[in-house]
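Okay, so subunit A shows up in both of these, paired with subunit B first and subunit C after.
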Partner chain A sequence: MRRASPTPGDAPALPWLMPALAMLALFYAVPVLDVLRLAFSDATLIRPATEVSTRAVAAVLSNPALPQVLGTTALFTLASVIALQGVGLAIALLIVRGERRGLRGMTALRTLVLAAWVVPGIANGLIWQILFSEAPYGGLNSLLGSVGLGPVAWLSDPQMALVSAVIANTWQGAAFSMIVFYAALRAIDPVIYEAAEVDGARAFTVLTRITLPLLRGAVLVNSVLVTVQTLNTFDAILALTGGGPGRATEVLALFTFNTVFYNLDLAGGSALAILLFALAMALALVLWVTLGRRDMRA
Partner chain B sequence: MTGRAGDALTYMGAALVAVFFAAPFVWLLSLSLRTPAEVYLGASRLIPEAPTWGNFATILRDPAFAIYLWNGVKLAASGAALAVVLAVPAGYACSRIDFRAKPAVMLGILAVQMVSPLVILIPLYAWIDRIGLLDTDLAVIAVYGAIGLPLSVWLLKASFDAIPIEIEEVAAIDGASRAQILTRITLPLAAPGLASAFILTMIMNWSQFLVPFILLESDANWPISVAIFNFAGSTSASTTQILAAACIVAVIPAVAVFVALQRIIVSALIDGAVKG
Partner chain C sequence: MIRPILAALVALTPALPAVAQDLITRNRVGPEDAEKSLSFRLTAFDLYSSDPATREGFEALFTDFIEAHPGWRIDTQLSTGNIGQEQARLLQQTQAGRGPDCAMIDSSQIALFRDTGVLQPMNAVFDAAAVDDLFPYVRDAVIDAEGNVLAWWWFTDLRVLYRDTRLVPEAPQTWEEAQAAGLAAAGQGSEGFLFNGGRWEGTAFDWLANFWAQGGRLVDDAGAPVFAEGDNRARMLIALEYVKGLVDSGAAPSRVTAITDYDAFNAAAAAGSAAMFVGGNWQYGQLRQTLPPEDFAAWEVSELPGPTADQRATGAGGWSIGALSDDPEKIEMCALIARDIYAGAGNALQGLLPTSAGIYDDYDVYAGPEYDLFAAALENGRARPGAAIYPEISNQIQIMLGDVLSGSATPEEALDAAATAVQAAYDRR
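Showing the complex of A and B:
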């Protein structure tokens, strides 16, 4: 059914869409195809492709560093996605409850969390590098030291460095999930809560039986967006650890970046970029299908 | 759990959140106001005994830093303007015109956002090099225009949706064309949506590191995000307080703009989140 429009029948959409579609084709669609072509070539950053070859793809897949990079990526992404959504949801619940009860300071809290969100990724990495400094006067370690704890090897221990990267990533990124969940929570009809209160439901029951099920749609969309975002970003890690110690925090996006722009291996980097792209799309699809199906069964 | 006990728990949770999110800012500020001697006192001297603006003076007196800041603003604003201008007709069509491919177009635009800039920059670097635009503002602005486009289309669609269609119908009866309706009536009414799309994409661009880092080679063209990364590489433990001041200078503009305008930005984001 057509929606009432000011000038009915006189509405071909294509001319309106053209500027945006042309831009996206030029800067996204064609480059993605070109990455595919480059992956199956022998190009380097300083020398264009001369032949079609599968050598770069084979070299990338047999690179002994790749399994470790993929493992780090999986661990970092999984931990970040859980932390980002958990913290984001907790803050959203807190603020919505505070607002319902008319508590003061909730807007200030929201503003503070959002302020971390607009900190540039590079600055985020540098700020946390300063906090995690392992010198005796470093921010967190001197604080721990004053109560007789630590020092913690925040950035020099391979496992701890990954934890530190997740903490920094959560600090900056939680606001996005908070906004998504905050919007979803405010859209829930308060009548439902009043009914639950009349029935004498306990707060925990209300959370698990009413609020969380109603948030399923928001969790689904947010999971996809946050997972892909986490997979694709590496500027905070670049500034925080540079991928180290060793390769302990070198995620796939950073590995790809290093391959192209430091090793100047355009073909190999393109193969990795395709892997990154395919992984992002596959994860988005898998999350959509699995979480979406559970959504329908409920 | 209603009443006072619940409120107390809410405040405790809020305090915990506030400490985690404020601590990095507080520590950064504390360091940036210290003399080198006080830096070595660590957390025991959170409020410097002899606070100094010297570190900020060092940063701001450096003419290169002013250039980096200006480059950051220039690139971020031009890129955001390009994205919003290109997004207006598409957002309008998605809001007001019925066409069969609309769900596919909307979803496709969202899917584009899932492609890492890193993936597209690999070929774009080679192309831009070939047409001789490497190390120019134009190259960065064009890429920003594309990267900011998906979010802008979604935000603008949501803000057009919020404008009653009846207003446009009245204008159509008076004989206005669709283009006239858009420019004279809908766009002025959608000003808050346009503003929040512009500001959000501008903040995104301000934070961008990868695009300018790869496309700009000469120091004089760098925005602040690239400059502080290189600056950090040249600092040592004895100049942490200066790096802290530099980080604050890089962070403050985006945070200040965001906090000042957060009412319209947050409501635009919430509208987008609810409808998206």
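Showing the complex of A and C:
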């Protein structure tokens, strides 16, 4: 009996993983550990740490503003993730369907959507600040006025300001979701759709019985990625509202930024960064456990 | 025929710009191989301004300066636009020994730099007469208890009331008059009275004039926050009620809680939608350039209204230059840059308000009637308090105003929340 020749899969994995692990440790683990060290210190932006202390963590957790900030973060993240998934999927479906029918301009549409993705967060905030302007000559309100609607208090009303922040975030981030769903849609065997057509299935049935179940893996990956991305969003909000009116749009990432750069509280900011990290990890795990298990059973 | 003309034009082209280009690059002033160098972090508003006239003017000033100091090179570092973050980074780098030798420091940050001991005295260049000529609030900020000149505050600014005289003929002297004028203007279809109310430093600083006009104090002599205690608390609430009344009555639009820059007022003036706004003195020149002459002629400036005509105050800011190096030669060079390039000549070039009374008489640019008003208003000028807790006080005032003006909290609730947050931040230091 001849012995099978060794395959690459038989080799020990660790040596091959070492370069990647070393890079991850250097660029991710070390900064995270340093933030952890700072969170349990008395460091400020103008004074290095002089002692190990839990006071910064205690101060952060007992901050009366924290519940409101966490509530705003939860609302902003939930609404953004739902909108990002919905809009991204809708655009991807439109493009794939257009491509299958041989419509012109689909590449241009894809490029156009991607253009929003490469716009820096600060620029995104400024663009939407101009559009949302509530001055008599404001962009969106003028459009609404021309059809007899509005004006809408896009940025001056606390509730609407959060909605406006979600719209700006969705405009920029939907392209990423579109790419993920576009790739997943292209991987679905067209034969399945042909069979459904032969069976006389309607478009809605095809979407709910074929497309969405087959996209479950993509939904999981996209949910994790856009959740983490949205939790970390602060630059667009900084430019759009600065977190106001009051604290109406001050999400956890922006609160962390303000703690460090207004308050100069490096230890407190580090404690908040750890909280943000923990929340992102917990949400990713929850999504993985709920959607991932279903995906494996499917 | 054309060729000889072109040749003659080339020959007649002045040599100065070529020399200036050689001496000034994006990161250097002076010869590359100079024996001595000074690193200087500056803002993007002068030598590297996007305005060609300003840039060329400062290039000429820097060229003259470096030619008067042979053997020196200035390595320039451009600071970013985010002032708070940029200044915090500058301080951190300086403390770690990686900062520049000389830097522009926002007037609101002088106290922080002073308290951390990174500023080196520039007494060798600025004598007692120069110090005596500074406005009192400027002198208090840059001179320490031993009389050392720790920085040179080279220009100041202030907030004034701009009004379209076609809608508001007479300058309101009191809050009551301002509200009545705003309401009357709103009744004629304008937006009435505009002011910063969004989440940014301008909101807090502009509004603080209303608190200071009553004699309010943000911090005590030790730098501890006292703005929500005793009489100060009452003054805070009165100032809050004033702006709340402007919005609630319709004298000011509710959109003020979304205004986060002064350019919004220029835009409103250009669109003819604003009757009055609280703006900076620098906007006078901007309006002159933006508006058609007949419209500009209708705009006038006056002191900010007070609770009574006799109680006035206005926030005064600006930029300073500080030496961060231990090297005496570099400290002197830094001070000379402040004195010979920026204070005086640099002021006049940009029409910025000098911090020394004497400079107003030295340059014709300050002959306009608006400068008489600015100079008079500066008598009631108030700088940000020289306390390291100020940035957090400002942050909390922005939140407090946003909550009150949008109706999310009563003035009392918002003030209590601000006081608690500032005290917690102060206790953690």
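By definition in this document, the second predicted complex is superposed on the first by the 272 of 298 C-alpha atoms of A that agree within 3 Å, B and C clash if a C-alpha of one lies under 4 Å from a C-alpha of the other, contacts with A are read in each partner's own complex, and residues count from 1 in each chain.
What we mean here is this: a contact is a pair of C-beta atoms (placed from the backbone, for glycine too) under 8 Å apart; a residue touches a chain by one contact, two chains touch by 3 or more.
Model, not experiment: these values are computed from the prediction.
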| Following superposition onto subunit A, is the placement of subunit B relative to subunit C best described as a clash or a fit? | clash
| Partner chain(s) touched by A:N258 [first = subunit B, second = subunit C, both, neither] | second
| request: Report for A:G243: first if it touches subunit B alone, second if subunit C alone, otherwise both or neither. | output: second
| message | Tell me the contact category for A:A20 with respect to subunit B and subunit C: first, second, both or neither. | response | first
| said: Contact-wise, after the overlay, does A:L94 reach subunit B, subunit C, both or neither (first, second, both, neither)? | reply: first
| request: Quick one: classify A:P136 as touching subunit B (first), subunit C (second), both or neither. | output: both
| said: Just checking: does A:G150 make contact with subunit B only, subunit C only, both, or neither of them? Give me first, second, both or neither. | reply: neither
| field | Superposition-derived comparison: subunit B or subunit C, residues of subunit A touched | value | B
| query | After the overlay on chain A, which stretch of subunit B ends up in the same space as subunit C: 74-82, 218-226 or 254-262? | reply | 218-226
| query | Of the residues on subunit A, which ones does subunit B touch that subunit C also touches? | reply | 45, 129, 135-137, 260-261
| field | subunit C to subunit A touching residues, read off their complex | value | 84-85, 88, 91-92, 95, 112, 116, 191, 197-200, 253-258, 260, 264, 267-268, 271, 273, 388, 391-392, 394-395, 398-400, 402-403, 405-406, 408-409, 414, 417, 420-421, 424-425, 428-429
| note | The subunit A residues in contact with subunit B across the complex are 2-7, 10-13, 15-21, 23-24, 26-28, 30-32, 34-35, 38, 43, 45, 48, 90-91, 94, 97-98, 101, 103, 105-106, 109-116, 118-123, 126-131, 133, 135-139, 141-143, 145-146, 171, 179-180, 182-184, 186-187, 197, 202-203, 218, 221, 228, 231-235, 238-239, 253, 256-257, 260-261, 266, 269-270, 273-274, 276-277, 280-281, 284
| What residues on subunit B touch subunit A, complex-wise? | 1-2, 6-7, 10-11, 13-14, 17-18, 20-25, 27-28, 31, 39-44, 86-87, 89-90, 92-93, 96-99, 101-102, 105, 109, 111-112, 114-120, 122-126, 142-143, 145-147, 149-150, 153, 165, 168-169, 171-172, 176-178, 181, 203, 206-210, 214, 225-226, 228-229, 232, 237, 240, 243-244, 247, 250-251, 254-255, 258-259, 262, 266, 269-270, 273-274, 276
| How about subunit A: which of its residues touch subunit C in the complex? | 44-46, 55-56, 59, 63-65, 129, 132, 134-137, 153-158, 161, 241-248, 258, 260-265, 268
